[in-house]
Every structure is written in C-alpha cells, then in structure tokens.
Amino acid sequence: MAAVLRRSRKLWGRCLKHVDYTLVSSRSMASKTPVGFVGLGNMGNPMAKNLLKHGYPVIATDIFPESCKELQELGAQIVDNPAEVADKADRIVTMLPSSPNVIEVYTGPNGILKKVKKGSLLIDSSTIDPAVSKEVSVAVEKMGAVFMDAPVSGGVGAATTGKLTFMVGGVEEEFTAAQELLTCMGANVVYCGAVGTGQAAKICNNMLLAIGMIGTSETMNLGIRLGLDPKLLAKILNMSSGRCWSSDTYNPVPGVMEGVPSGNNYQGGFGTQLMAKDLGLAQATATNTKTPVPLGSLAHQIYRMMCARGYAAKDFSSVFQFLREDEKEEGQ
Amino acid sequence: MAAVLRRSRKLWGRCLKHVDYTLVSSRSMASKTPVGFVGLGNMGNPMAKNLLKHGYPVIATDIFPESCKELQELGAQIVDNPAEVADKADRIVTMLPSSPNVIEVYTGPNGILKKVKKGSLLIDSSTIDPAVSKEVSVAVEKMGAVFMDAPVSGGVGAATTGKLTFMVGGVEEEFTAAQELLTCMGANVVYCGAVGTGQAAKICNNMLLAIGMIGTSETMNLGIRLGLDPKLLAKILNMSSGRCWSSDTYNPVPGVMEGVPSGNNYQGGFGTQLMAKDLGLAQATATNTKTPVPLGSLAHQIYRMMCARGYAAKDFSSVFQFLREDEKEEGQ
Amino acid sequence: MAAVLRRSRKLWGRCLKHVDYTLVSSRSMASKTPVGFVGLGNMGNPMAKNLLKHGYPVIATDIFPESCKELQELGAQIVDNPAEVADKADRIVTMLPSSPNVIEVYTGPNGILKKVKKGSLLIDSSTIDPAVSKEVSVAVEKMGAVFMDAPVSGGVGAATTGKLTFMVGGVEEEFTAAQELLTCMGANVVYCGAVGTGQAAKICNNMLLAIGMIGTSETMNLGIRLGLDPKLLAKILNMSSGRCWSSDTYNPVPGVMEGVPSGNNYQGGFGTQLMAKDLGLAQATATNTKTPVPLGSLAHQIYRMMCARGYAAKDFSSVFQFLREDEKEEGQ
Amino acid sequence: MAAVLRRSRKLWGRCLKHVDYTLVSSRSMASKTPVGFVGLGNMGNPMAKNLLKHGYPVIATDIFPESCKELQELGAQIVDNPAEVADKADRIVTMLPSSPNVIEVYTGPNGILKKVKKGSLLIDSSTIDPAVSKEVSVAVEKMGAVFMDAPVSGGVGAATTGKLTFMVGGVEEEFTAAQELLTCMGANVVYCGAVGTGQAAKICNNMLLAIGMIGTSETMNLGIRLGLDPKLLAKILNMSSGRCWSSDTYNPVPGVMEGVPSGNNYQGGFGTQLMAKDLGLAQATATNTKTPVPLGSLAHQIYRMMCARGYAAKDFSSVFQFLREDEKEEGQ
C-alpha cells in the first residue's frame, strides 16, 4: 500500500512541473498526504511552516515540547516521538543539530525505524558527517525505506523565506520525489550523487567559504595597514584574481558593503561556532579519507580559537575583527 | 625645459580622453617624445614592444645584451645602462625581477638617478616590497623627479596582447600622465593611492589568490574523495558561497574546465616559484606591519614546499596535484 | 567463581612486589592462569611472546591464521576468534590497528563480550580514540568485567625486548592486576587515570612529539642554510631553550647523531603513516572536545602530505628530507 | 697605535688560557683599556654594569640621556653619540632593539664608523637579521676594524647576574678577544662560525622554542580536557618523546611547576611581543633563503595574533591561556 502511495507520489512529482500552479495552491489540504517533521529548532521551525504553507499536513515532534507550540497553532499535529511520526507519515524530513541526534532519531528506542513503513522516504537535512549518513541509510534500507541526505545552505532568513539551497544525496530515482517537498522550503535543490554526497557538498562548500573569509579578512587588514582604502581594495580584488564570495558579496570590513553583518557589529548571519562545527566535520572527513587539507585545517583552528576568545555567537566574518590589531594593547 | 615638456605632456594626457582616437593613432612617431625602458625580460620585452607599436620611440637597456636584440631590430635605441636611458628620456618604465635590482637600477653607480632630469616621470612595474618603492620614491623626489609604482597583474600572454592590469601608486596629479603610457601596455590602469599602494594592491590580490587556489584544491580533492563528481562539485561551489576565481575561472582539477593550465599538465600560466616570491613579499610586509596573516603565511609555506619538491616551474594551480594522494605510495 | 579467581589474582598481583623474583621465574607454566591475546601483528606477536617467556600460558587468535603460526610453535594455544579466547581466559590483552577493529573484537558477533566471564580483566593496548575506549568500557562493565586502555609507546624493537611504556587508564584498584601482566612486556607502566586517559596520554605525547620533530627539522634546515654547522647547531639547541627529544635524542639530520633513522636513510623507527594516524586521533579528540590545536593540526597535515608524496613507510624524522630544498629542481 | 694595542690585546687573549686566573682578577682597573658601550636599555644597562664590575672603564652612550644616569653614577664616562664612543675606545659592545637602530649606530651620521680606529673590535649583541649583520660587517671591515655578532639568550635576570649565553659569529681568530669581554657578562660564550651565524643560532633556537611552547600548551590543554591531571601529564611527557624545554623547565600550565611565569599570571619572563619580533626575523631569513618553515611560520602568526588580542606584554608561555577555552563565552 505504502509502495503504491509512493509510486503515485512520484508521478505526482513529475506532473507538478506541467500543471497550472494556481490550481495546486488552491487545492485543499486534505488532498495531500501528510509529511512528518522531526526537529523544530531555529531552522526546522520555519522549514515546517513552509510545508504547511504549501498545503501539506504536517506531523511533527521535537524533544522540547515548547518548540512545537507555534507549529501546533498553525495546524500541525504534534506527536510524542519520531516513531509516532513514522507511524503517521511516509515522507519525513529531519533537521537536527549533530550526528548523535540523527542516530538517536532514526535508530533509537523511539526512533523512526521502530515504525517506519516500507517505501517511506526519509530526508535528513541536518549537517552531519557523511559517514553517519551512509550508516543511517543502510539501516533505513534494511527496513525497506529510502534515505536521502539533504543538508541546506542559507540560514534562518533563507529558511523563513523558503530560499534555502538543498544539496541532495541518495538514489537518483528518488530525487524527484524529494524535490517535490524540498522545493517548498528552498529555491535550489541540487542532486549531488549517492547517499552522503549532499553532506559532502555542503561540507566542501563551507570549508572553502571559511578559507575565503579568513583569507579576505587577512588581505583586507594587510591592505589597510599598507595604506589602501578598504573600498578601493575590495573593488580591485573583485575585478582581479583575488575575487571570492567573501570579498564581493559578504565583505568582512565594516563600511565596505551594506546589508552584511560586518556593517552591523557582526550580528546575525552565520555564527562562528556553527562554522567551527562544520569545519570540524570537514576535518573529520578529511582525516578519515586521509586527505590533506592544510588551509581547511588551519581555518578550523582559527574559528576554534575565536570561540575560545568570545566570538562564538558573532557572524563568522568577525574574523576580520579578531585578526585586526587591537591598538591600545600593542606595545613595542 | 624638461619641466615644460612635462607640463605639456600632462595637458596632453588630459586631452586624450576627448580627442578622436583615430587621429592619435595616425600621428607620426616623430611627434611623440621618447620613452625609456629598463629590463627587457619575459615581461619587459613585450611591454616595450607595445610602446613601440603605439608610436613611442623607445630608449632601452638590459644587463643582458642579448635581451635587447629583438627590440633593437624593431627600432628601439639600445644604450649601455639606466643612466644613459635617463639622459635621453624623461619618461621611463622599469620592469625588474626583485627589490635589489630596482635599488641598483635607480640608485646604483650607473643608475637612473645619476642623469635623471628634473620633472621626469619614473614608473616601476616590478613587483617588490612597498617599503622599497617608498625608499626609491624619496630618492627620486630629491632629484626633482616623480616616481610611481605600477606593478602588473597578468602574465606574459597579457603583456604580449597589451591586456595587463596596472595597479598604480603615486601622487594623484601625475596619474593621468602615467596612464597615457600604461594604457599602451594594459587594459586596466587602476589608481591605488600614495606611492607603494600599487605594490600593496598587487601583493594583497596575489595573497588572496594563493589562498583561494590552495583552498579550492583542498576542497575539490576532499569532495572527489567523498564521492562527488568534480564538475558537479565545481558547479555547486560556483553557485554557492564557496565560489572564487580559482573555482570558477581557473579550476585546478584537470578536466573540469577548458583552456586552463590544469588541462595542460600545469604548463604555462603563473609559475609556482613566482607565486612563492609574491607570497614572500606579502609575508615580509605583514611582518613589518605586525599584521597577522595566518592563511597567507601557510599558503607561502605550501608554495615554498612545492618549490622544494619539484613544482617550481609548474603553474601555481598544480597545488592540486601536490596535495592529491599518490596512491601507489600509500600504505596502511 | 571467576570473581574468586579474580580476587585471588589481585592478591597475587599485590604480593608479587615482595616475593623473590627468581622464585617467580622458576615457577612452572602450569601454576599461572592463562592469558588471552587478540591481535598478533608486528606489535602483538612479540608482546605475546614475552608473556610466554614469563611463564604465562597464552590463548591467542588473529584474523590472519598465518600470524598465529609462530606463536603456536612456541606453545600458545590458537583458537578461532575472540569469543573463544574469552571462553578460556579471564585476563585478555588486545592489540589492534584501529577503533573499528577494537569495536569488532569486543562487541562483534564473535567478540570477547559474547563469552566474557564476570570479573575478567580486559586490557586494550591498541592506540585508538579515547571516546571509543570509554564506549567499549561501558559495554564491558555491563557484562561484569573490567576494561583498561593501555596503549604503548615504543616500536617493534621495544616490544621485542620487553621495553615498552604502557600508559594505563581504568579503575585505580585494578591497576596492580594489569601491571602484573604489562610488566612482562614493558619497562614502564604508568597509571594515568580513568578509562580513556591512557589513550589521551599516548595521543598527547605523540602530538607534541610530531610538533617537536617537524620544528626541529625546520630549525636545523634553516640554520644550515644560514651557514651553521648542523652538529654545532644541534649542540647549541640542546644546551638552550630550543632543546627537545627530537633535537637531543633522535636528531633528523643525517650525520648529527649515530644510531638513529636519519643516519640510515630514514629506515626503521616510527613510520610516517603511523604518526599520521596518531595525529588524526589527536585531531579527532581535539575537534570533539573543541580544543584549539593549531600546531598539532598543521603537523597532522604535514605528515598527511608526506604520505601523499611517498614518505608513508619512512621514519617520521624524514620530514627533514621532505622540507629540504631539492636543489636540482629549484629555479629563479 | 690602535693596531698595536689590538695586537697586544689579542696576545693577551691567547695568553689568558694559560695564566693564573687569580692574578688576572687582582689586576687594578687602571691596567685595563676602556670598553665602549652603545645602548643602555633594559638589557644593555646591566651588561655594561658587569663590565664595570670586572674592572673595565666604560665609555657609554644612549639616545635617551636618562638611560645613562645610573651608569654615570657608577663611574662610566657618558659621551654624546656612538662616534664619540669610537673615538675613545677600540673595543665596543652594542645592544640595540632592531636592525634599523644597528644600521644607524654603525653607519649613521654620528655612527661608530665615523671615528672608528683601525683594528677596533666591534661586538653587536642586538638580535637582528643575520643579513644586516653581514652588511654592517662589510662596512666595518672597509674601515679596517673587526665586527662580530653576539646576540644573547637569557633575559634581564641573566643580564643582571652575568649569566647570559652569547652566540658569536665572526672571524675565528678574533673569538678569544671577544670572549674576554663577553665572559664578564655571560656564563656561556659559544663560537658559531662566520659573521651572522650568531644571529642565525639565536633565531633558530627561538623559533624552535616558540614551536615547543605552543606545542606544549596545545598538548597540555588537550590532555586536561581529556581528563588527565596536568602534573601527571607533564610527568609522562617529560619521561617520553614529547619532552622539551617548555614541558620540563618552563611549563606553561599554572600550578604544574614553581618559579615560572605561568605560576605568576604570566608576569616577567620573555614577553610575547619580543618572541613575535624574533619569529619575524626567523620568517624573514627563511623567506630570503627560500626555506620552508611551516610550524615556525604559524608560531609567528599565533604570537602576532596574541599581540593583537592583548597579550603583548605577558610572558610568551601565556599562549596556554590564549588557547584555553574561555568557558563563559562558549555556546552550542
């Protein structure tokens, strides 16, 4: 039965591209099968809301009951634990802080796998070690269900406006089905390859992002000390081979660019400790695969030192501030 | 007299923007005052040729007489040493390998300053320590002449086609005069600020470039080992926050992009030892100004290690090859 | 019954210190209870032999049957798997390559815990993540047995001559019992604290060792290039604050010291890939505990790059060779 | 005349080894020729006092007149500038903060070389770039005098008690003459080779010292977080291959050792900014000689970051404090 549902859902997914979207959005909620959601934190909460907005009945749970209230008021059905979610929904999205949480939510005593139906589609949007994604996937497959990793890029803002980017790993034939749900929550849904490659893509991007951000901060700081005007230096870099996202879109030097955290005392944005976490994952996967990542590794250490020195909650572009000479302290 | 020439040249420079360009290019050579050129190496040679092409009589010299032959055949007047150049030309461009050469060419026993005329414009396109540019500038000013640093970005190819980018430091009022000459040799001429800021901009750009290149190489290598297709990974990075010039324009992974050195066994391009030299300059200026540049510093060390391991003459994107696991060697 | 055996063994352990050792060594084999041994690789094989030499009956196993032959000829009883070892011995030493092997040998389908007797003493001498030691310890305790981690310092030579150093973590009351066995195989047995601290001490030592070795190599190389005689430089460092084990006991520069791998083309000693493995563990524990280890992390990367460049099987002091300028390749 | 004096001094120096030392120490002050001293800062002041104590008339100068008062009261003759010192003494010791000061004091308008006598012995105890030592040496030789570089290890305390270590570079035949003076101020006087090798030895030692100190700090911090007692960990390292001067003589963890700056809130000792300066010199010489020093380079960056974060005046072992997780700030 679930398999049948599953198949019809996939056809549905394919058709969606061709139908008149106003028709779709006017459909009554009852006509869509429910979607489970586990993990209603800063990211999960707005993501689940976007599923509701797109007309999906949502069956949700979180270990903190208070996290569920808002969604409940918006019409979601709140249940006790992941197993209950799996009992009531055959498509489930999970959004959790770290690998141990994912293992618990899937394979724990009240985990999804206790009651998962054959043919279910389980999508994990947490950012975790790709090796854990693979392990969970094996366990999911043994139950006759399908697992995909689909970590996101973009923060709470993008989650709220439904503009996340999803990097998806899993069996290619299931991608369309996943895409149907993920497009409700994101602007880009990219298929990356086998299970774990979604995580791999996410981790790789963030490692290079961190390197670019620290590199841009060092460079801007050095240039300023050598007498260059920061805006002019940014302009020169951006028309030259030094150009990167951190120099042209998210410049870490206050005053160079508007609408970025550097202009707002490094409030908002992507926190230093979250970057440190992602770099820790990059480091772990590099170690496990015996891949040298010297700059990635040093970037990890710098963000770790920043956490130790009071920058944990600031945007990760605050590395410019961290590296900048604190003139009152400087002697000799 | 030279001062008068100088002034008229400056007016001329200003007018150029408004005159009909076809008129200018049809002028006879005789109507242009000669330009001196010191340093006819791989870069200087095509640069001087472009001055000839634009109708400037060229008075040139090089410590290696054989370097002068080609230019002589094209009509340049070859003289014995920089002092002789200064005797015959009041606008001089210098293009030399390193700081000591620049000091020698300007302040040595047969240096430019021995015979420089008051009001002369001396433009140094070498990439050297900005502190040396400032020292030379002070010595030049004492002789009543003007010094500008104008290092280039772009290699032998860009020098040949006249597509270099010049980053110019010096007194702003003289910029137009410098620009008149530099536009014969480059596509972009950017004013950066006081003397030394041209060098600063060049060094800053190349430091960030090196960081981006090593970072991209580590990231691509890690992604490939985690099962991602390199072209797909590059595409994902380039639409995300990991994007940089090295990932989207000069990708170091063979097969990802056409027309870049990674597709040609890292031949051509910008040599590892040249990058190591520029990173050494960045390191020196950072040390002198007490600026922390942790990634820039490690990038320098990595390119230095590569020189020690046989990569000196390969394009700097060969760091991908350097970091890649050499599988036949790997044990355990 | 096992508990009784256990208790008597502990008393025995305590008494040992006071008895005449010649008496002990003249005891017949029959009078000692058997010791299990799992993992007869390069290290495990000589360690198990030393137990035999000290009069302990040995019950051993290894996944590679051929690894067992030599020990069998010396009188050890070879069994099929770790569970069989646990069936026949209530003191077991394990010596395995990495964390997954340890998990398998203890908790796998034919693992020790399938047949372990209450009160058994299980000592793991593998070098693994301290977090895994703790996990295994919890599983062992649930079966009513005792687990200690006791990684070693010293290579195959020290294993053969019984001169290993054991760093032991576990309940303090059991230390004497462990010491009884470990002193048969090592010259130093150091109690470090709770389960996992043996691993922690080992990992910490090796991280600092790697840092000291690379630092010594960089320093010796720099000094030589600045014109210092290597023996003289080593002498100066060793009487000054730069002194470390790598400079005064295991100098990486050929010719400075006798009887070390640098004098023998970096053969023998402690392989680069083994150091890379230990540094990977250090990195993983640092990441998990959010501890900044910038030099430790870079040391890891350098040994990882060396593995990628053909140094995997050479002694870890070959980093001197890796960093040394390869003059034939150097240009500019 | 000076040459005669010089020669007799050299004979004297050679004889010293054979004469009865009690005779020497009973000589009256009048029988010793004066010694010049330039630079009466924190180090120079106690060094010059020790020359006075050993019976040498001292002719001194400093750019800050107030720095000269104490020495004047003790009987030194204070003159206006280095040239005046050279006019009155044919053995001169200089102790200055950095390369530009040394260049000024030797070759400036009122520099030593303006009035230096042939055959004079000029000893520079400043810590500077060996390349600058060589340059100054060449200028000194042109005047018929002899230059030696003799930087010190040991701080103000060792300078006061006359227990400095001098690392001496210069012509070997002059070493005995230098030694005669330097033994008044130091406990060890080590001949290192040609001019510049004294600096090289000093710089090399301090680079390895910095690496060992940061490495020890990282390691101790990691071990503590893994549950090891700091004193026990230090003990284990010190009996193992992790041992280094920073772990066994100057441990950076408060409470592990008595009588070191870590036990006194990192007051006293060797300041972070002084270490950063020496690492900058190491970096510069490594860059100039194209020597890869990855850990030395990162150590430089870490001490530079510490200066930027308020640690400039603290002892360099405060890197332990810098790296330690600041728990109140840590989130997630």
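Points to keep in mind about this one:
To keep things simple, chains are lettered A, B, C and D as they appear, and every chain counts its residues starting from 1.
Keep this in mind: contacts are C-beta pairs under 8 Å (C-beta built on N, C-alpha and C of every residue); 3 or more make two chains touch, one makes a residue touch a chain.
In this text the structure is predicted, and so the values were computed from the model without any measurement.
Taking the definition of touch as given, a chain qualifies here only if it contacts subunit C and subunit D alike; those chains are A, B. The chain with its Cα centroid farthest from the Cα centroid of subunit D is A.
A count of contacting C-beta pairs for A-C and for A-D identifies A-D as the more extensively joined pair.
For the pair subunit A and subunit D, the distance between C-alpha centroids works out to 54 Å.
Each chain gets a centre from the mean of its Cα atoms; for subunit A and subunit C, those two points are 40 Å apart. The multi-chain contact residues of subunit C, meaning those touching 2 or more other chains, are 290-294, 298, 302, 305, 307-308, 323, 325, 330.
The touching residues of subunit A, counted against subunit C in their complex, run 276, 280, 283-284, 287-288, 290-294, 297-298, 300-302, 304-305, 307-308.
Across the complex, subunit A meets subunit B through its residues 130, 153, 165, 167, 188, 190, 192-194, 196-197, 200-201, 203-209, 211-212, 214-216, 218-223, 225-229, 232-233, 236-237, 239-247, 249-250, 282, 285-286, 289-296, 298-299, 302, 323, 325, 330. For subunit A in complex with subunit D, the touching residues are 97, 271, 273-274, 277, 298, 305, 307-313, 322-326, 329-332.
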